[in-house]
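Down below is the structure, laid out as structure tokens.
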Amino acid sequence: MSPLRITVWNEFRHERTNEKVIQIYPKGIHEALAAPLREAGGFEVATATLDEPEHGLSDARLDATDVLLWWSHMANREVSDERARQVVDRVWKGMGLVVLHSGLLGKPFKLLMGTSGELKWREAHERELLWVTKPGHPVAEGLGDHFSIEAEEMYGEPFDVPEPEATVFISSFPGGEVFRSGCCWTRGAGKIFYFRPGHETYPTYYDKNVQRVIRNAVRWAAPAYRAQPVWGNCKAGWLDR
Amino acid sequence: MSPLRITVWNEFRHERTNEKVIQIYPKGIHEALAAPLREAGGFEVATATLDEPEHGLSDARLDATDVLLWWSHMANREVSDERARQVVDRVWKGMGLVVLHSGLLGKPFKLLMGTSGELKWREAHERELLWVTKPGHPVAEGLGDHFSIEAEEMYGEPFDVPEPEATVFISSFPGGEVFRSGCCWTRGAGKIFYFRPGHETYPTYYDKNVQRVIRNAVRWAAPAYRAQPVWGNCKAGWLDR
Amino acid sequence: MSPLRITVWNEFRHERTNEKVIQIYPKGIHEALAAPLREAGGFEVATATLDEPEHGLSDARLDATDVLLWWSHMANREVSDERARQVVDRVWKGMGLVVLHSGLLGKPFKLLMGTSGELKWREAHERELLWVTKPGHPVAEGLGDHFSIEAEEMYGEPFDVPEPEATVFISSFPGGEVFRSGCCWTRGAGKIFYFRPGHETYPTYYDKNVQRVIRNAVRWAAPAYRAQPVWGNCKAGWLDR
Amino acid sequence: MSPLRITVWNEFRHERTNEKVIQIYPKGIHEALAAPLREAGGFEVATATLDEPEHGLSDARLDATDVLLWWSHMANREVSDERARQVVDRVWKGMGLVVLHSGLLGKPFKLLMGTSGELKWREAHERELLWVTKPGHPVAEGLGDHFSIEAEEMYGEPFDVPEPEATVFISSFPGGEVFRSGCCWTRGAGKIFYFRPGHETYPTYYDKNVQRVIRNAVRWAAPAYRAQPVWGNCKAGWLDR
């Protein structure tokens, strides 16, 4: 089996402007995400960031990507409509997409869901508990019945997304809030996984359970094969062929 | 519009044997559930209990029921297979079913879901927070973004059910657990709503928010009309008619 | 119950340029759709068309609409992004949307689905058979197990949409093709129904079964109530309140 | 990767009593299903039939099965409730289940769906056209936009099942009928695929496309891993640990 071609896309702004974030992710969140995938083996991992030409998401790069990881936050609006549209197009053709944390308000995720992606949130250094709601789902492989993260931003329901095709995790926070923190959808030939954790001011992407979920998700989202749907004007009916 | 014909079914055992439960529900949980529906108007409300002949669920009674409420717990196995099967059959034909609390391990719900209905639980007098995850859904009408119940039994994920068609509430408990506490499914022509609260040792069914959810659910689950599917041997193809 | 406020939106181009279409729909498809709803009672019906200011879809008009019917075809791209976005926004807030025939390639439907809406098609004057796949669903009320339309454009699978929440009709055509011709989705608080029939060169919208489906769909898609989700920064956790 | 352990279960009655069927499947449908899987490699294939002790489905056999294929028809009622229940139990624990043709009225499928499995049918030697409705889905790998079978029994909608999680094929027949002929569901940790073709009086299971679908389905339904859900009384809350 040839290795899965992963592109880790990151906005890469907080990590160049905010001292606290720089300390946690000195090379950027994308490198923190890429490293454990490279170690795991079976993946060919590239990175791309907002301020590169075409945001690092040229057509050629997207065409050479089996699964795209997406982290974005403060600059969601700076992603060009054209590049967002090309990401969406590649998902329709089978590219997997794993959207992390605040990437839910990024253009590709919102375009693919057809919803606002809205939610409640609070930055208060809270413990997150993630419960596995679908034991046996590939994204939950290797986890117990739950895992916890010592400190995170809170996200709360209602999470404005279409009803998930599979809900793999639900989180709770000390304030009592809950959030569907691991959700699956399909759009065209492409699989999409949303995973909640990863606020930039916490070292979440060094957490072993978080890394495992992301690795599982990348494998789950990989296309089975390249589909070539037949659409458009279809002159002869089947019976006349 | 003629009134909806509701049958409130209750096991009615705890309320005859357990002093604490007798004090809370002296006439039985079924009467506590029936009273606010009667007051609301628009419903014709009957009750039925396990120890009546045919569990109070004769074919005639089921045929005269638009929506069945179901509460059961300690005697789930004493419900006859035949009566459970007739409940299922009526759901397929369009009867709505609102399953409450421990009724998730009752025969009709398990037969309709095709899953075990399993879950975590703990009796520890805990506060339940119910978050509305689907604002705009008819079952959530009249509620704010959440409501709370002072003391309840805890239920925790994983809740072994097919992915809900709509998830209307998710609960959290002080222990940190979460539970999909309001869920919708369809089986045949019938609509099914599961609603978590209502352990027998707490006065949950006197709570105004809980009563509102149940009233909403009953209206939502009511059949639009009586469908008469055509099945079986169909000698002539359409083109030969 | 106050009447449902319906806005019938139509591109209204074919009916001013194509002789054949002018003969069938001399006042436009919107008037042919509006007339039977007006007759049915219980609806307050307005119409709007592409070439009106703001396409007849001003914020005020959308705010006064419970359910929007949408027919579009040759000028899908002329709908402004801003007006399409406002339609989507109102659906998220609870406005129902019934999309007809080639409206599946219109901006609002594609934005709400997150898919391409692509399909096969053929204009060859073919009989359409619509089978009811979900007896008991409100949109199928009053129909038998199928109905037929003497001549229509063919649409064929794959229909590039997210898996429907409910599939109410599947069509077959003499060429052997099939199409999911009646499908339901939810986005935010809004309900969406797609209904296939209605090519402009056939008198489909005078068909009694087609009119019934549209009437049923409009009632089904109407909002239960106006939801007001709470989102955004949520300073205090529930437990601190 | 160790080979997938497949058990092909067959009623094996028609092939011992009906001359026509004996000629087509002299060793039984199970052997016709097993042979191409054995040839394909990567599978360890066993067979089991109704009239063996415990129907060939002892606990030990089920425990050693990753994916079970199921063909049944005339003797659906002769399958013991206990063995059917054990099949269901293993699906909940992760065993894949591929149900073929008339197996939709068999006990395991009906128990897992929670519906009647009812449908229209006609034995009239009709051509079946199967359209791929979900290009990119693993079960459709290697197929074009459709394939056909020269002669089959007709099945027609409404097919009484819960809305599929993915609809991979829809068939049409010369009589104009349609049927969702390839559908996916999940129950507990187990994946279920229903595939329509395979009436006993036609040589359908020798068809290369049909064999490919079954091979794809078996791979798709295989468990990712053995989940061990934690359920039951959970004395301490997470926060007290």
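Per-chain residue numbering starts at 1, and chain names A, B, C and D are given in the order in which the chains are listed.
Keep this in mind: contacts are C-beta pairs under 8 Å (C-beta built on N, C-alpha and C of every residue); 3 or more make two chains touch, one makes a residue touch a chain.
Every value quoted in this text rests on a predicted model; they were computed, and no experiment measured them.
Listed by label, the chains that touch subunit A and also subunit B are C, D. Ranking every chain by how far its Cα centroid lies from the centroid of subunit B, the top place goes to A. For the interfaces A-C and C-D, the C-beta contact count is higher for A-C. Between subunit A and subunit C the centroid-to-centroid distance comes to 32 Å (mean Cα coordinates, whole Å).
Chain centres here are Cα means. That of subunit C falls 36 Å from that of subunit D.
Of all residues in subunit A, those that touch two or more other chains are 129, 135, 145, 156, 158, 163, 165-166, 176-177, 186, 188, 229-230, 238. Those residues of subunit C whose C-beta lies close enough to touch subunit B in the complex are 94, 129, 135-138, 140-142, 144-146, 148, 165-166, 186, 188-190, 223-225, 227-230, 238.
Listing the residues of subunit B that touch subunit D in their complex gives 88, 92, 111-116, 118-122, 124, 126, 154, 156, 158, 160, 162-163, 165, 173-177, 185-188, 229-240. By the touch rule above, subunit A contacts subunit B in their complex via residues 129, 131-135, 145, 156-159, 163-167, 170-172, 176-178, 180.
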